[in-house]
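The two complexes that follow have chain A in common; it is paired with chain B in the first and with chain C in the second.
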Partner chain A sequence: MGANAATLRAAAFAAGLLFLLLVPLGLSRYGVYIMSLWAVMTIAAMGLNLTLGYAGQVSLAQGAFVGIGSYAVAILSTNGMPFIVPLLVAVGLSFAIGWLLGYPALRVQHHYLAFVTLAFSTLVYLVFRNEEWLTKGIYGIMGFKRPTIFGISTATPLAFYYFCLAMLAIATAFLAWIVRSPWGRAFVALRENPVRALSLGVDTRRYTLMAFAIGSAMGGFAGAVYAPLVEFVDPTPFTLALSLNILMMVIVGGSGFFFGPFLGAAIAVLLPEWLRFAHGWYLVIYAAFVMGLLIYSPTGLLGVADRWTANRKTRRASAERAAASASLSPEKP
Partner chain B sequence: MANMINLLMAGLATGAIYALVAIGFTLLWQTSQTINFAQGEFVMLPAFFVLAALNLKAPLWLALLIGLGASLLVLGALFKRAVVDPMLRHGVLPLAICTMALSIFLKEGVKESYSAEASPFPSFVPGGNVSLLGAQISIQSVSIFVFALVVVFALQAFLMRTSTGRQMQATAQNPSVARLLGIPVERMILYTFLINAGLVALASFLVSPVYLAKFSSGETLGLAAFIAAIVGGFNQIRGAIAGGLLLGVVDNFAAAYVSTQYRGAVPLFLLIAVILFRPQGLFGRAEERTV
Partner chain C sequence: MAGPILEVRDVRKRFGGITAVDGVSFEVREGEILGIIGPNGCGKSTLFNCILGQLRPTEGRVVLDGQDVTGLRPSEINRRGVSRTFQLLQVFPQLSVRENLILAGQEHKGSMASRLFGKRDAGLTPEADRMIAFFRLGHLADEKAGGLSYGQQKLLDAAMAFMAGPRMVLLDEPAGGVNLTMLGHLEERLRAINAEQGATFVVIEHNMDFVMRLCTRVVVLAEGRKIAEGTPAEVRANQTVIDAYLGH
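Up next is the complex of A and B:
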């Protein structure tokens, strides 16, 4: 049965990959843009999933890191640097700022931590809007080119979609490695029982900061891909709403599940587009759907799947038990 | 000097409204671990109940009553039954996310079903100015401040002096022991939600004449209420009052004396400083921490 489940999972993975590779071929320019946006948001949500889902630290600042990454790339690219340099700067800068943002987490937890990161997120937005010498304020930055990778230009929407997909693949591979490494185990230990983790010799202090820094760096990475996607960076997308939206993606998909962010980002990015027929009401319907889903399954979409398989296993086990006792019963007097 | 008095009075009026909203916020947290991210939208909505009633040619007093009743029903009872009850046992975070979705739902719902524009809202407190120490003080500011304080002290008296109030406090402090002592915990929690709904409705009726009724007006108010609640202390009513008043005054002085671009940053710095150096809030009790 274990082998069966593994085959099933591999088949689902292959089908998903094939779908992602082929589907944009049949989509309009806007459709391809939405799919690219989904890939970017998935990267950002994966980062938050590491901080929140694996290490258990609430952050309402992931949107700010997407902003920091975007601005780093926009500013450096307009100065004519090849894409890899701004990319590394975006990731490095987000890592460093994320590390610093982790310090309050050493002192306060839960809702207090949520509010510190919320305040940070709003402050970053104010800096984007007001420091015109650096960010050009509300006028925004444009006129930077999409990157050329190994001599292949990503200027067309379709080429850039595959670029986003490649970035998503890199982020996925990185995260898969992290959660399987001793670090990932330490993050989970931190979430489940910090006191016990500490008594077992896990340096909880360092791992708390690390969880923040790596999660934030992935936010910056997403931002670095977002800037060339939209080709215009201004403060508007990076309000608190983005951070809340990314947090919603993580919870809706299933916090702590590896593929949760993929589903969550799909709901948050694609569902409103499908609901466009409802005109102004689409956000109302979307919000109602999210509420309904969370009321039905607070552990998110993958929580539903999890519960479903667990139920099936229980049922199968009890059926086997019943069969076993039935076959035994004739021997009983 | 005259300017200072004006700023102080306007700040106290705004602060008193923040305090009303923040008190509701802390009450929900204490009795049911609900972090209500839709609290700002809860303040926005009652004004639209009233406007809808006024559009049906109801007189102002009746419209206000209808608004209050609808708030108690929708934002109090229905919110608890439909959203909080099914989610409570699954922890703080899914519920918090659910209230975020609720805030989008309310905001966009009002925008689509009523109007995307700001609507004027009738004031039930008198307007005009009085002279005091050479400053022109707005009577509206003073009456908002006084009215809000009366409500707060009435609530405080209810919680401290009456049997029901004390049962509610017991429920907030330790639900299991309260249940053992025969307190109907479920009903007490419902009362808390009704009180929150009443407080946001009053805040709505006080603030809408000044800042107009608009679908998006909850965003700033909700954030201000969070900050006020945390700065003052998450677990004490007097903390929420002090936090609200302090924030209102700081906000108004920052608008006057700090650059306009960064006036919004001042309350945030206050918030960060309080959380880092005095996490229980300026007037709160220290809570036991799990770590």
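Up next is the complex of A and C:
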């Protein structure tokens, strides 16, 4: 039973990986770009899934960290640094700023916290737009190259896609390690019952700050890959809308489910493409889909899957109980 | 004999106009089972919260092993070997029974870094399974805590308080809402831990039979004040106590 589920999961994982490796070979330039964008958004959404899904801390600022990562890479790369340096700066800077953004979470929760992070998001956008000496303002930054990794150039769309996929693999392995460590358990405890966690010796303050810092660092990491993907960084993509979009990915995919962001990002990135025929109606259809989904399953797409397996388990258990009691009860005349 | 493990010195707690705890003092001796009784709303839970750092006393001191711990954070007090249960059941419903127990122990060893780089279960699976067996939850180890019956969750709640091998445990109405079988079971487990590990207990309880059987000493509160203290028999015979509480 348990072994079966494990085999099934391994098979699904292998199939998914094969799909991601092979499908872009048959896609247009634009198709490959969309898949790359999916990988980048998945990384950002995984970060928010740690902060929100696992640790229960609302943030409307993940888009701002994607922006911070993008700008860090754009600014430093145009100055001719090898990619690894801007990448580490992007991640480190986002970690530090995310840690600081966690402090309000020690005082306020839920929608108050949402407002604080929303204000932060707006502030960061204003810095991107107005601090021209650093960010070149609305003119944006271009002229930085895609990285060369171990002597292999990632300049072509396909090569860059595989680079994105490798970055996604690193982010996935990193997050899997975090959530399966005692830290992951402490994050869930923080989400489910901070008062009880505190009484069991869990330093909820430190874990709250860590949840923000690590989640934000992953946002910065996504930004560091986003900049060379679009090869032009200006303030427009990093408005509050991006943060809301990433939040949507987490919730639609299934907040607190490890693979939720993969699904959520796929829907948020691919649906607009599939719904092109609908023109202006696209947003209406997307909104209707999301509302319908959340009414049916407040825990998102993976929540639906979870419910199905739980139902199957309950049915199997009651069948087993019925069988057991049938075999125990004496023969009726 | 060594000094008391816990001293509560003139603790007072005000909520706006209400004085929930009004200058309470008592001592807890190593290895004893101290009962705290009193009518509903007389400040028992608030007193626990002041002792354990969930609330900061308006006045007064809390002294643990001769050290002033007033106003320390609950996590710090817990890591000094004092754990608790709450009046309302508090387990982590999405974690399995075993994970609940591992969580209850993991912050007591090593550093933040060792918890990230070390073992996934912080090496606590054997101890968790021992605790699961001790509280007779063996068949439920991998179930999500949220799926357990109320009485089973209550046992788990208590087991979590014992997980890190505490020197002192404060239990807030452990018998509340628990059926007789579970209650007898809980009582027996508490006695065993007290006898075998010398753990000290402070128990808030309404079930008088439970208190009279289990406790070596009882403190009686009424309207935020201590009105009596003594052995169960002494307290039962005390006229003030009868008037304030037992007479009802």
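Some observations on this one:
The working rule: the second predicted complex is superposed on the first by the 326 of 333 C-alpha atoms of A that agree within 3 Å, B and C clash if a C-alpha of one lies under 4 Å from a C-alpha of the other, contacts with A are read in each partner's own complex, and residues count from 1 in each chain.
Please note the rule applied: a contact is a pair of C-beta atoms (placed from the backbone, for glycine too) under 8 Å apart; a residue touches a chain by one contact, two chains touch by 3 or more.
Note that the structure is a prediction, hence the values are computed from the model and not measured.
Contacts of A:Arg196 after superposition on the shared chain: chain C is touched, whereas chain B is not. Partner contacting the larger number of chain A residues, of chain B and chain C: B. Contacts of A:Ala287 after superposition on the shared chain: chain B is touched, whereas chain C is not. When both complexes are overlaid on chain A, the residue A:Gln109 reaches chain B alone and has no touch with chain C.
In the superposed pair of complexes, A:Val23 makes contact with neither chain B nor chain C. Within the superposed three-chain model, A:Arg185 lies in touch with chain C and out of touch with chain B [touch as defined at top]. Judged by the touch definition given at the top, the superposed model places A:Ala11 against neither chain B nor chain C. After overlaying the two complexes on the shared chain, residue contacts for A:Arg206 are found with chain C alone; chain B is out of touch.
Within chain A, the residues touching chain B in one complex and chain C in the other are 195.
Residue ranges on chain C touching chain A, taken from their complex, read 52, 54, 73-75, 78-79, 83-84, 86, 90-95, 99, 102-104, 106-108, 112, 115-118, 120-122, 160, 163-164. Within the complex, the chain A residues that touch chain B are 58, 104, 107-112, 114-116, 118-120, 122-123, 126, 129-130, 194-195, 244, 247-248, 251-252, 255, 280-281, 283-284, 286-288, 290-291, 294-295, 298-299.
Partner chain A is touched in their complex by these residues of chain B: 29, 35, 37, 82-83, 86-87, 90-98, 100-102, 104-105, 108-109, 111-112, 223, 226-227, 230, 234, 261-262, 264-265, 268-269, 271-272, 275-276, 279, 289-291. Residues 178, 180-183, 185-186, 188-189, 192-193, 195-206 of chain A are the ones touching chain C in the complex.
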